[in-house]
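I'd like to ask some things about the structure below.
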Amino acid sequence: MDALPSLEQLNAADASTFLDHLGEVFEHAPWVAAAVVGQRPFASADALHRAMLAAVAARPEDARVALFNGHPELAGTAARLGQMTADSVREQGGLALGALSAEDGARWDALNTAYRARFGFPFILCIKRHTRISALAAFEARLAGDLRTELANTLAEIGRITRLRLAGRIAGHGLDGLHGSLAVQVLDSQRGRPAECLRVALHDADGALLAQGVQQGDGRTAPLLAGAPLRMGRYELRLHLGEHQRRQGGADGWLDVVPIAFAIDAPEADYRLTLTVAPWAYSVACAREG
Amino acid sequence: MDALPSLEQLNAADASTFLDHLGEVFEHAPWVAAAVVGQRPFASADALHRAMLAAVAARPEDARVALFNGHPELAGTAARLGQMTADSVREQGGLALGALSAEDGARWDALNTAYRARFGFPFILCIKRHTRISALAAFEARLAGDLRTELANTLAEIGRITRLRLAGRIAGHGLDGLHGSLAVQVLDSQRGRPAECLRVALHDADGALLAQGVQQGDGRTAPLLAGAPLRMGRYELRLHLGEHQRRQGGADGWLDVVPIAFAIDAPEADYRLTLTVAPWAYSVACAREG
Amino acid sequence: MDALPSLEQLNAADASTFLDHLGEVFEHAPWVAAAVVGQRPFASADALHRAMLAAVAARPEDARVALFNGHPELAGTAARLGQMTADSVREQGGLALGALSAEDGARWDALNTAYRARFGFPFILCIKRHTRISALAAFEARLAGDLRTELANTLAEIGRITRLRLAGRIAGHGLDGLHGSLAVQVLDSQRGRPAECLRVALHDADGALLAQGVQQGDGRTAPLLAGAPLRMGRYELRLHLGEHQRRQGGADGWLDVVPIAFAIDAPEADYRLTLTVAPWAYSVACAREG
Amino acid sequence: MDALPSLEQLNAADASTFLDHLGEVFEHAPWVAAAVVGQRPFASADALHRAMLAAVAARPEDARVALFNGHPELAGTAARLGQMTADSVREQGGLALGALSAEDGARWDALNTAYRARFGFPFILCIKRHTRISALAAFEARLAGDLRTELANTLAEIGRITRLRLAGRIAGHGLDGLHGSLAVQVLDSQRGRPAECLRVALHDADGALLAQGVQQGDGRTAPLLAGAPLRMGRYELRLHLGEHQRRQGGADGWLDVVPIAFAIDAPEADYRLTLTVAPWAYSVACAREG
């Protein structure tokens, strides 16, 4: 990360350095960076991003649609043929969209075809905020919309995508709206203490392990997810209570692994789960902020 | 109770016995019983009560107001001079309205005077459903109403009063709407059992003890209140958890007497409180039915 | 059930009817019924069962071992060749021990062989109190014991098996110790009411549906399991909260199906789960009685 | 606070300044400061305090008892006659021991007399860690002890007293073991958010208000008590839930002010209460650290 230029450095750099560094923020559209290079210096990464989006919004509809058409289809032929930008490869890779089953691949293909036929440009989604299930649900919902709405939705998604790309290219960017976190604290109501050394694991809807942590003495686990938007979808948190109670010498055996199934639908919010555990009872509460 | 006549016996009795027995159900208005004696037999105590109310409702407004005027004022001069029927004495006695402080007595007198001046009859309330505080609140609210509303409210309250009086005069009456209960169950989440032998005490808003019980092995206390309407108002339940935990040898001392303050505003409902206790945590939930 | 004879009828029946009816209570050992037929009348089914067990206990060890040898192996060759009594077929069928995979079948065969080699009689277990996992765990634990302990364990298990068989042959048997139940109540802490019409489903450790119920207005579900010993093992209760909240118009979507994973290790106990649900929190408590 | 000298300044000061500043840390015993002035510089306030205690411990028993005798009785004649050091006045004033009722004053006098008669020195207690009730309980318990134990207990209490006095005389002292805090967080389980703007008040066992706070958007109240040892004793926290719910438009009125009664028995610990509230349920859990 420390090799990244700061905003000050980008403000002071010569134009070609600036364009080299930010040319791919908008997919296959270096003209967006070129449109703002003369507006430097920018007071913040946020101001730079707003200027880039304004440059896009100022173009006529056909130019915007051409920009849209520079984007690869999600899980589409470009992905399979290796024609995407490195950013797109990384973003789509997060959902393993390149490794779909034949059946799921056919479904995505059908949706991609239908969407392009209806609107004249590919379906664009900031995929870092999605799981495969929520991405499909969003796809189906947006396919049913009208052109005006989809022009706006697509621009909004490109705004989210490019904001994240910009954050990855500027040291200490200070961009708002990129957070999102999931933290857990567990209280042991038999001992009146944080449940120290209790293992907490986060799984996705398919049961795959996403993250795990061990509760510290101050009643807090380092957040299981943090520093980036959360992917919308369903999760299962697993509290390894039985092994904790056996270690404490107080297991009754009624509870072992405690599953807590929940949905995240606000990628930029901070989800804080507070759990209280006793040998024969437990409680779960969620406070969501932001 | 077993000395009371059944409905069948009242249906079969001669008229004078019937009138002797039910003449005071409506305060100073034996004509109400007389109006229905010829309609016997009644299929249920409920049918009898409906017939009596219908006899009242059939009379012109001035006759109804005369009936209202047969009622004593709440906490009024009649109460102090001992001119009330035995039923009224018992009912008002439940709130100790005869033993008000000089200040409170003056407040009731002022309200009684204002109400009678405004509507031409005394303020009537089914006092068995009230605490002193809720009775005062109801008084002030109704004083602000209009005559038509108060004629209806007064008849409704007389319906409630006479329903309870009838229930007290007929064995196995089967009248609906006279229940109301408060029950408590306590789970010990450290042991996974009902918290046996835990003492639970119910106090009124002034701290006076109203009822207490000890939780049985099946997780249930005999209801603390049952078989009659609950008095609207605020209560405090006190869970004697410390002595329970000391008896079990597991007291940490953080909790001793656990106070639970709540309001009852539906006199005929069944309130069921479920409490879960651990050395360093507890929870309270109320389910209200009916 | 009404075609079954009562204890009075069995007391009064001629000896051959009694023996026909109860001869198979002890597996391949009609002599046990024969040993007690002359002791009639029995004051209770319990007294009858005690007399039968006493007749067995009175025999020398080799006769008891011969009785043990009349029992089929669990998941053994007799099961596959169809040589078991109808009772054993039914009992083993409850765990689908006849339909084991080749690998699991081999494991059971190895245990059966080892146990018989070590003790000289087959492994006997009251299988109606077990899941496949708990049966295997019990098998491995008992294989490590000594002969004296296993003679006692085996007789105790035969006592449990024959008690259940007797209960199935006598109308209104009144036998103690055959209960065991699992009940659930759910409180809606947003509305202060039992969570009416909420669907609650019980699954085994493999996810198979065992029972389901819908919570009634009085805050109680008919017990999900009742009237027979519970099978020891792990279970998952699933609270279909999302559909309940959508029906009430108040879904926030954070919770949908709430899984509650727990173990049962006391087959004859009554497990009562109390759940409290709100849009963003829930709690689970278990009280076990008996 | 910023007018206080730092440890570095005290290390560098001339001896008379050092003695002027720290001479009264040990009640009427400037010789303790004098005994350590030559050991400067001290690496930490903790090292300074250890050196002062070591100087006391090094003296023979009669010198230590003479030191003890320099302390005023709690709630005793010295207090009433105004002969205590300013520090003692402040410390005792925290419990309003100067304003006892005649009856309570007599009880303290009797205890003071009995204690001095038994041990030959006054009862000494670090009163900043006590409420009147816990101070009395400690008094009665220690009166029953033996001399050796009381010599040790008294020195330990003087250690606590002087540690606090030292902390009040050195800027940025960094002394361990002087903390102690009580913090509260409240989760709204209907909205899935911290219960913002909820008023939380802390009262002592007599109902007097000690502290109050309003929960912030991040789910935290500034600690109600912090930065000093907590007084041992019983407290009542009052959650003003009714006004919060009315402000949110969702009051059902079952709960209004929620009382939470608890004891603090570890003055230097951090007590963190986590409360979950819904219209018809609430839960309370305490985690104590340190």
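When the chains are written out, they are named A, B, C and D in that same order, and each has its own residue count from 1.
We adopt the following convention: a contact is a pair of C-beta atoms (placed from the backbone, for glycine too) under 8 Å apart; a residue touches a chain by one contact, two chains touch by 3 or more.
Given the structure is predicted, the values throughout are model-derived calculations rather than measurements.
Engineer: Chains in contact with subunit A and with subunit D: which ones?
Structural biologist: B, C
Engineer: Out of A-C and C-D, which chain pair has the most contact pairs?
Structural biologist: Pair with more contacting C-beta pairs, A-C versus C-D: A-C.
Engineer: Taking CA centroids for every chain, report which one is farthest away from subunit A.
Structural biologist: Ranked by distance of C-alpha centres from subunit A, the top chain is B.
Engineer: Have a look at where subunit B meets subunit C and say same if over half of the interface residue numbers show up on both copies, different if under half do.
Structural biologist: Mostly the same residues form this interface, as more than half of the numbers used are common to both chains.
Engineer: Please tell me the distance, in whole Å, between the geometric centres of subunit A and subunit C computed from their C-alpha atoms.
Structural biologist: 49
Engineer: Once you find the CA centre of subunit C and the CA centre of subunit D, what distance in Å lies between them?
Structural biologist: Measuring from centre to centre gives 59 Å for this pair.
Engineer: In subunit B, which residues are in touch with two or more of the other chains?
Structural biologist: In subunit B, 187-189, 192, 254, 276, 280-281, 283, 285-288 touch at least two other chains.
Engineer: Which of line, ring, star, complete or other matches the graph of chains that touch?
Structural biologist: Looks like everything touches everything, fully connected.
Engineer: State the interface residues of subunit A toward subunit B in the complex, per the touch definition above.
Structural biologist: Of all residues in subunit A, those touching subunit B are 187-192, 252, 254, 276, 278-281, 283.
Engineer: Using the touch definition up top, name the residues of subunit C that touch subunit B in the complex.
Structural biologist: Those residues of subunit C that touch subunit B are 187-189, 192-194, 217-219, 272, 274, 276, 283, 285-289.
Engineer: Using the touch definition from the top, list the residues of subunit C that touch subunit A in their complex.
Structural biologist: Spelled out, the residues of subunit C in touch with subunit A are 234, 236, 253-259, 261-263, 265, 276, 280-288.
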